Each structure stands twice: as structure tokens, then as C-alpha cells.
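Some structures to go through are shown next.
Paired with subunit B in one complex and with subunit C in the other, subunit A is shared by the two complexes that follow.
Let's look at the complex of A and B:
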């Protein structure tokens, strides 16, 4: 239930919400920053200015109406498919791990990984653009070879919190995993 | 260890009684399927459970007791404890719920430990008091007391879980080599297989009363039953017709060389054989075994019905207001118009097209040749023109077999009507191809090399002077004549590609109607729980002191996955060549295969 100031890899403020439902069931929610009105204004204005410029030369009003449609549809698509409002990780001891991300429009995508498939949760390093970032990931077991890792499921993919936040989540996850 | 109890939502308010369900071996979890109410005779319960086990093939057992005390039913604790001796089990669950409280409490009586019924209080009222009074310290004490025994209640909706199919599908018997199916899969299977348990109606006047999901009677169930009855003779009739049809198809006259070749090229024939195969699948008298088979059948049936309905729409449009005559009357002038345009194109090519200076003699020869061909074609079309309306009239009837047939027939007709374009293309391509091959071999001669056929490589070779002279001369002539041929080849290839593209679009739409899994998509939209990708959990109540309650919901399959999984496999009409291979073929002048479209790509 405690809130501490965390930042993501770009330095934007994010908040981590740890909720302990019982001793073996915890939920971590990372909420990323909201859509800033300035950004929306900049994009909308740039599209409209461009369309006005085109309209100035072509004198075709279809350009203007298409600009309005483009901005509206673009905004809708952005909040429905791109902008992730918060991501949560529900760890239930001996049952599994549930990863879900809620989009700004309310759409929710959830995947549940059963405990029998999970090998471990680790913090990993990755090269991202021109920097090296840390991320939390779930290692999945290979059904044929018990010791091998078949695939990796990265967590908090869109909010990308920094290491101090990840360590906190990691520690309490390991606490639960080691118990069960 | 944590004990997981899958509890059906419909039993939340059931009267006190016995819990019937299954222990999932190796996972420490129990699936509760039904509650049998008081009063009962234990012998009858045992008999009933055994009978159900035989019917469903699920290892059913009495898991424990359920108590929801109402007014005047106090002091049942000792009675519940005694029940565990009547139904010997490794573990005895004692789940109870107080009226007006959301959480359940669960006691586990473990027979294995301490010989008798050693009791472990898992979640007690005392815990709450502990937490209140001692705070953290009390919590720790309680942990030790519990001996790591905890309970999770997972509430599930019995009906949805029973009807849903977990993806990816695992059909048939799992391999003994690989691991047993995962816990959730086992749970889904248990609920799905224990359908006989759910037939006991709560209004039945039997010795046992139970609470579980029960169907409230299907809508229009009489019609469904009648349809089921009617489908059997229908299938028989269909299979009779099909066997007659296959007998006709197998007559020897059809397997003669030209007919067989022709039928493999005509898309109507291909569609006919494809539809026959579908009908054979549908008319098989055996009921579908397994989910995949069932979905396949349903998809085929629905797409067939939609196809026929679309075909009927087309027919109703065609045969109203004499649309057919109109079509026939526009077709001949259209063909004339195309021929006239082609003639103009050839005239243009015979002059100086786009300012290019061609070899005049060769240009004239090629142009005249093609002009004569067009002339032949036009006279053929005019000869045909009185019959075109009849052909269209009877061809339009094929739409009652489905829109796909009408489309395939249209594709075939386009292929036949543009036969001259195909011929031009073939002539152009052959000429161009020969020139390219001649040039490449003469180029080798020019460099003093030759192609060694035996070793499949280029060897050096010393030519005589006269051979070299003649070869170089021929090379020069071919090189200077190449642009003229290449121009004709280019123009006719473009024309051919336009026709092929049109046919490709037709074939793609036919393929789409044939293979699109309409039934599965409809299920996904209307009954999204039927096709589940997995599950998702929600924490229901987390009052301290009671066990953790989770709500299990079904995660519907993504639409793209639905289409991918349930797409009916069709005859592959997709080209085998990649784009690069196609361009190379076009450049070298190899034929892109005649009537099968190989240039259009869907992916």
C-alpha cells in the first residue's frame, strides 16, 4: 500500500502500488504517466496546420475534413491500442502469475501463466536503443527438459520502470515463490 | 502447501450438505462439482457417486461437508466432523459460511496424520482476534500454528467452464512420455466430463437433492431435437447422391487425357471436387469426434449455407428484369471494343512507339501476325454471339449451388474470352525466350567459352575462326533485334498480367468464402466463453482472517487466432513462387503458368 516516487527509464514519474491480499498473494500495479494535454495539442495542431497549408494550395475542402477524421481516429487508436495506463502483476503462490495491462480506453489484455510452467522470475539486462536497461521477466520451463528455459516473458513492457522499482517487485515475488 | 479449492458460483448459497467433486492428483487442488443436501442416507450417496463415476469417467468422490447454517440449525459442527468417518478420505474439507458474511472458512481434517482425525484449523475466527490484539507478532505465531497449510478458494462459473474449450487444443489421449496436462486443463476436463452429474434436477423427486449448475431448458429445444432427427435421413440421402456423383465422375471417359487435363485447369471443376469433398465430410453418419472435428463440420456447414444464400441473392438479381440479356448485349460490344483497342495498340507498336526506332521489317512481321490473330478472334466471337445469352442463362443457374460456383464460372469465362491475350503472351514470351537463350550462348562463344552439358558448367573452348565469325555476326543481329521483340513481349505480358490479376481476385474471393471459419467467429462474438485462450483471476475479497477468494474468468480467444486455428484448409491457390522468382521468370521470358493465377499474392 506504500507509494514511493519511482521513475521509468526516460525519467518520467511512475507509481508502484503493492497490494498484499494475503501472505501468498500479492498484486503489483505500475501506473505510467497519463497522456499530457500539451502533447495532444502539438500533434493535433501540426496535423491541422499541415492540412491548412495543403488546403491553401489546393482549395479542396475534403482535405480539412479528412484532417479532422485523421486526428479523431488517430487519437482513438492511440488510446485503444498504444497508450497503456497501468500494468499489473498478480502473483498467487502455487497457482500462477497473471500479467495484465490496461489501456487508456479501458481495454484489458491478460495472460495467466501456471506455476507448473514457471521456472523463475529474474531481472535481466537488455540493449534498448542506445542504452542498457533492466527488466523483470518470467522464465518458462521447457516441457521436455526440466532444466532448460524455453522462453522469456518480459514484464512491465510499456512502463519500463528503473532498477530500484524492479528490485522491490523482485524481492517480494521471490518471497512468495520460495514459500510455495 | 497451499490447497486450492475450485468452487462453483452456483453453490454459494446452497443449503448445507456434502461436497461432491474430485481431487486433482499431484496438484493439491480440489474441484467441487455439486452439493448434496441433507437429509440423505450415506449408502445412497455412495451408490450415487459410484454410478456417476461410471457414467462420466471422472474420479468423483465426496470431498467434505458444506454448511450454511440457517435459523434453527445451530450446533452441527460435531455432526459434520462425524461425517468424515462415514466417507473415508485422505483429506476431509469442512467448508462453512456464515449468513451475511462474504468469506468462507475451511477446516481440513487430515486422516493420515496422527492416526485419527487430526484437525488443523486453517482459518479461524481466532486469527482475527489475534491480529487485532497482538498485531504483527500474533500473525507470526499463527503462521507457525498453521504448519504452512493455506487455502485458496477459486470461484468459477460452472456452465461456462463446462462449455468452454481451452486453447491450444490437445486432442485425444495425451502422450505418456510428456507431462500430464496442466492443473487448469485437468480442472476444465473434470468439469466438462462430469455432465451426467448435472442432469439431476432440483425439482426431481428422488432420494437425493443436490445443487449444481442445471440447464433451464434450451430455447427451441423441440426444433433442435426435430432437426437432429431429420439430419440422419438427410445425411443418408446426401451420401447416396454423393456416391452416385463419384460413380459418374469415375467413368473412364472422364479420365482420358485431354479431359482430365482440362478439368484440372477449369476452376469450376476444381471447386466442384472441393465441394464434393466437403459434402462427404458433412454427410458422414458418424457424429463428430472431438472438438476440432465438430468445429470443422460446423464451419463447413455454415459457410456452405452462406454461400448458397449469396448465390440465391445473385440469382434473384440476375433473372429479374432481364439482366441476363443486358449482360449478353454488353458482352459482345465489349469484346469488340477490346479488340479495337488492341488493334490500335498494335498499329502504334508497328510505327515508332514512344519515339523508339524499331527494326522496321521485324516490327511489321510481328505486327501483321498479331493483327491476323485478332481478326481470327473477332470472327470467332461474332460466330459465338447468338449463343452467348443462352450460355449465360444456363451458367447463371450454377449460382444456385453457391456464389463460389458463379465466381469460378466467371473466372473460367474470362479465361476463355481472353484466350487471344494469352496466345499473344505465349508467342511473345517464346520469341523473347529464344532470343535471350541464343544471346547468352553466343555471348559465351564471343568470350571463347562454352557450356559443358555433361559437367553442368562453363568450360573454355578454342573455336575455329569461321565459327567465331559466324557466331559474332549472329550475336550482333540478335542483339539489335532484341528491343523490338522485348517491346512486344513487355506489352503483352502487361496485358496478360491484368487478366491474371482479375482472375486472382476472383479466386481469392472464392477461397475466402470457402475457408473462412464463420461458425467459429460467430461463437467468438456471441458466446465468447466457448473458445477460451486461458483464464484470468480477480481477487474477490481480502478480509484478513478469511481465506483468499479468487474469481476465475475465462479469457476469450483473440479473433485472429480464431481465424488461424479454424480456417478450413483449401486447395492451395497461393503461388509457390516468391516475388523475386516471379520477376526473374518474367525477365527471362519463362511462361507464368496458363490459367492458374500465380502472380497475385494474399500474404
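Let's look at the complex of A and C:
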């Protein structure tokens, strides 16, 4: 169902994949762009140039070895904890919502929110860094207080799609939520 | 205040701004939850403009935990931007740090007119400056009077000269204020209009039976802050009370200078004659006013006393005139800055204007305009907001929009 081209808030291309498992179960996957080789080169080169400059003045080889370690560990930490390959949202009517994000290293984190805690799914506005952006979020309620919003869970936090993508996901989610 | 949550339900993808006359952005450091004349003026003016069919958004700085985007009555959108507050609820002015966020607001709301309020507000001056850099029309409303002699006035007046020399139109709230502003900012008086604040006479009817005839009561209603001349008030209370034994004071309002009045009351044993009422609700003001014989206003900078007026002015004529004016290109703007503001300040601010322009180009390269989403238009009686809320309630009784 990848018919439209979507971008994230920085203008990078992302893709939205909607899978309809049944009439009350849908899965949305937002895949962000892969790590570009240019970016890796820039970071590696800057670390290496810096370490060579330091080495030139100190003449201590430990600087060079630490540069290797920093580059390798930095890359590993980045793909394991920072770089999210794709995020998915699984909405199952009358059961709940599962939010999972897969990191570039293959690590996966998953949270499940049961339907009794969900008040609604809405699109909200927020100030993020030096921008004002739209984001999709799940409103949670306390079962004891069904009318108040107890907390907000933002969705697609790392891919940050733009409004047209969010509206599409939002409409499909509302179709399912309104049925139950 | 009818403050609803900022969650928006979106159904249609139609984001075009059509059939609107103007998209107006009100910028001021002072807005609710801070209380005062400027705040209520901005709110009432925005509501009037929304009724006229314009789209209005308000930009102010964050107040405590109140950050982000909020909606008030009729879908009036308020941006609480997280900018650092320096002094007296006014943000620090560095000319540049507010540009990214203000540009984002101006772009995504498709703003055509920027309306800044109050010369105390650094954010208002910043917004005027950036709006000119971005090529938008600007209006400024001055709410205060200033002196010419002391250092702070001289500096503020210079800043005002610079930021107002670019402004398309200026609104003052009284003729005294117009004279004052024209002199301070060295302006052409033709671009300054006066729209006095108006009182709703049905809300403020006299009632002499409430007065106590055996004494003279002086009513003071203002925020108890330095600018409102509370130190002056504290100075005259004991002298007046000594001269006239039948004089009583009734003081309404709250603020840091309350301590001064309490000290005076303590020192001269005036507990039975000076009554401090504390913060007053808007609806209680009349009840206090009718009890007095004399209304006293000690404010140092007041241009038009808002304590007894309901600010509901309508700036429609002003905006129409502004729309016809051209926006100067950068080089002519620089020449005007230098010609108007003197060789030293003019050159400095011309340099700052160039830097601002370069910064804007950098931001446009980092975050291009087309990457920013156009904000959903929720304003007004025919706006997306109300329709969507009602249709939402019809289809299934669930609403995240009602507060």
C-alpha cells in the first residue's frame, strides 16, 4: 500500500506500510531512511582528523588507539540504542495497541497498552527543538477516572512523520476504535 | 477563560486557507495566565477579529508549566514558546534566538500581518524585527507612556525608534499616548492611529447608595507592582490620612508591592482606614468601584487606564490600510534604518538586520519552508474546529476536545 511518498519533519524520505490483517486488526509500519554512508564517513573522518591533530602535538600513540575504540564503540552504540530502523503500531480492536520499535542492530522494544486504559488516539502539536511539529499520540486514562486524560504516549517518536502520513494512520486507527 | 485541551481531531485533509481576509499573529510577552490590561486587550481584540472572519494566533512565552500550543474560545490558538524570561515576565532580547521558532509559527500559520503589543515586551520587538526580515506587514500597539530623561527611558526609546521605524502602522490607546509615542520614536504621526479603549456602560453603572456618606473613600484598583506607582501610593497614604481624618482607602489588586502598603499601614496604624482587598475577580470590580467617591490611579507609565475599561476595540480599518503597503527590500530597509535612527545606532541595527537576514537564509536552508506542515485552521465560527467537534460527537460520543 505504499502509494504516496512521505517524508519526516526534516524532509528525509520515509515509507509507511499499512497491513490490514482483518477488519479490526491493522498494523502500520513506518520505516525511516537507512544510515547513509556519507554520514558515517563524515563522523569517522572528523574523529580521525581530530585525533591526528592531537597526536601531532602530544606524540602519544594512545590517542590513535583511543580514536579507533571511540569510532567502533560509537557506531555500535548508535545502531544499538539510537538508530531506529522501523517503528510499528499494531491496533487490535477491543484488545489494545502494541507499539514496537526495531533498532538498526536488530534490537526490538515493545510495549502493549490494553484497551481499558486507552481513551483515544489523537494528533497533537508540540514544540520540538526549534520547530513546531504534529505528532500522533495515545491518550491514556485511569480506569477509575474515565473522563480525565492521565498521560500521553507519543507514537513514531524517532521517525517523526509529517502530517499527511499521520492523518492517514489516524483515520485508520479511528475506524477501528469507533467499531468497539 | 475557556481553555480547552490542545488535542485536535483531524478528519479532512483540506488545509488550504481560503476566504480569509488576513492571518494575524499577535505577539506579546504578556498574555494569560499573566493578568493585566494588555493581556485582556489582546484577548478581546483577537476575539473581535475572529468574529470578523480573520484568523488569529497569539504568540507568547511559556509561563511555568504552560508550554506548547493551547486553544482558547473560538479556536484562538496560543503558542507558549519556551524562551527564557529575563525580568518582569519579559524575555531576554538577543534579536536572534527567537527567530527559528517565530519563523516556524509565521510559516506554518501562513501569517500575513504581525501585530505586536506593548513596548515593554522584548518578544514583541523581536517579532517586529523578524517579521520585517521575512517580508511581512507589521502593526504595533503601544500601551504605555514613557519619560524622556532617565537612562532606562533613553535606551527603551532608542530601541523603540529602531523597531518602529520599520513598522507599517502603529496603534495607540489614547491621544496622550500617541503624542508620547510619536515623540519617543521620532515617527511620522500619519502612521499612528488612536483607538481608545471603550467601557461597556451596562457593566459599569453608578450606584450612589453603596457609598458611605460619613466618609470619603478613595478606590485604587491596580496590580501592586512598581510600574503602577505603588511606592508613590504608599508615600501619600499617611499624608492624606493625616490631613483628612474622614478619608478611607480601598485598595484592590495583588502583587509584590503589597508589602509596601502593608508596612505603611502597620507603621501609621491605619488598619481601619486602609483596606487591602487582594486579587479581584473581573466581575467584582464594579462592586468595589461603586463604594468609592474618588478613583485614584498612580501608575507611572499608564497610557489609558484599563482598570475600569473593558478593552474591546476593533482594529479592522487599521489592518485594511496596512495590507496595501509595500514591504521594503533589504537594501532600502537598511538605508531607511541608517537615515532614521542616527549614524551609530542605525549602522549597528542595519548590521543586525543583515545578520538576521543571513540567519534566516541559514534556517531556510536547514529547514525549508515546504518541509513545515501548514497548521490546521481551527479559528472562528466557521473554522474546522467547531465543525469537527460537533460531527465527532454525532458519530460516536467521544470527545477529547471539550475541556
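Here is the rule we use: the second predicted complex is superposed on the first by the 178 of 180 C-alpha atoms of A that agree within 3 Å, B and C clash if a C-alpha of one lies under 4 Å from a C-alpha of the other, contacts with A are read in each partner's own complex, and residues count from 1 in each chain.
The rule is simple: contacts are C-beta pairs under 8 Å (C-beta built on N, C-alpha and C of every residue); 3 or more make two chains touch, one makes a residue touch a chain.
Predicted model, so just to flag it, every value in this text is computed and none were measured.
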Clash or fit: subunit B and subunit C on subunit A?
fit
Can A:134 be said to touch subunit B (first), subunit C (second), both, or neither?
second
Looking at A:164, would you say it contacts subunit B, subunit C, both, or neither? Reply first, second, both or neither.
second
Touched partner set for A:123, first subunit B, second subunit C, both or neither
second
Is A:94 in contact with subunit B, with subunit C, with both, or with neither (first, second, both, neither)?
first
How wide is the angle at subunit A between subunit B and subunit C, using CA centres, rounded to the nearest 10°?
100
Now for A:23: first (subunit B), second (subunit C), both, or neither, which partner does it touch?
first
On the overlay, how many Å separate the closest CA atoms of subunit B and subunit C?
16
Subunit A residues touched by both subunit B and subunit C?
none
Of all residues in subunit A, those that touch subunit C in their complex
7, 9-11, 119-120, 122-127, 130-134, 139, 149, 162-164, 167, 170-171, 178
Going by the contact rule set out above, which residues of subunit C touch subunit A in the complex?
5-11, 13, 67-69, 79, 81-82, 100-101, 104-105, 108, 367-368, 371-373, 375, 395-396, 398, 400
Please give the residue numbers of subunit B that touch subunit A in the complex, ascending.
1-2, 4, 27-28, 143, 148, 150, 152, 154, 178-179, 182-184, 534-537, 539, 542, 547-548, 550, 555
Which of the residues in subunit A come into contact with subunit B in the complex?
21-25, 27, 90, 92-95, 98, 100, 110-112, 114, 116-117, 143-144, 179-180
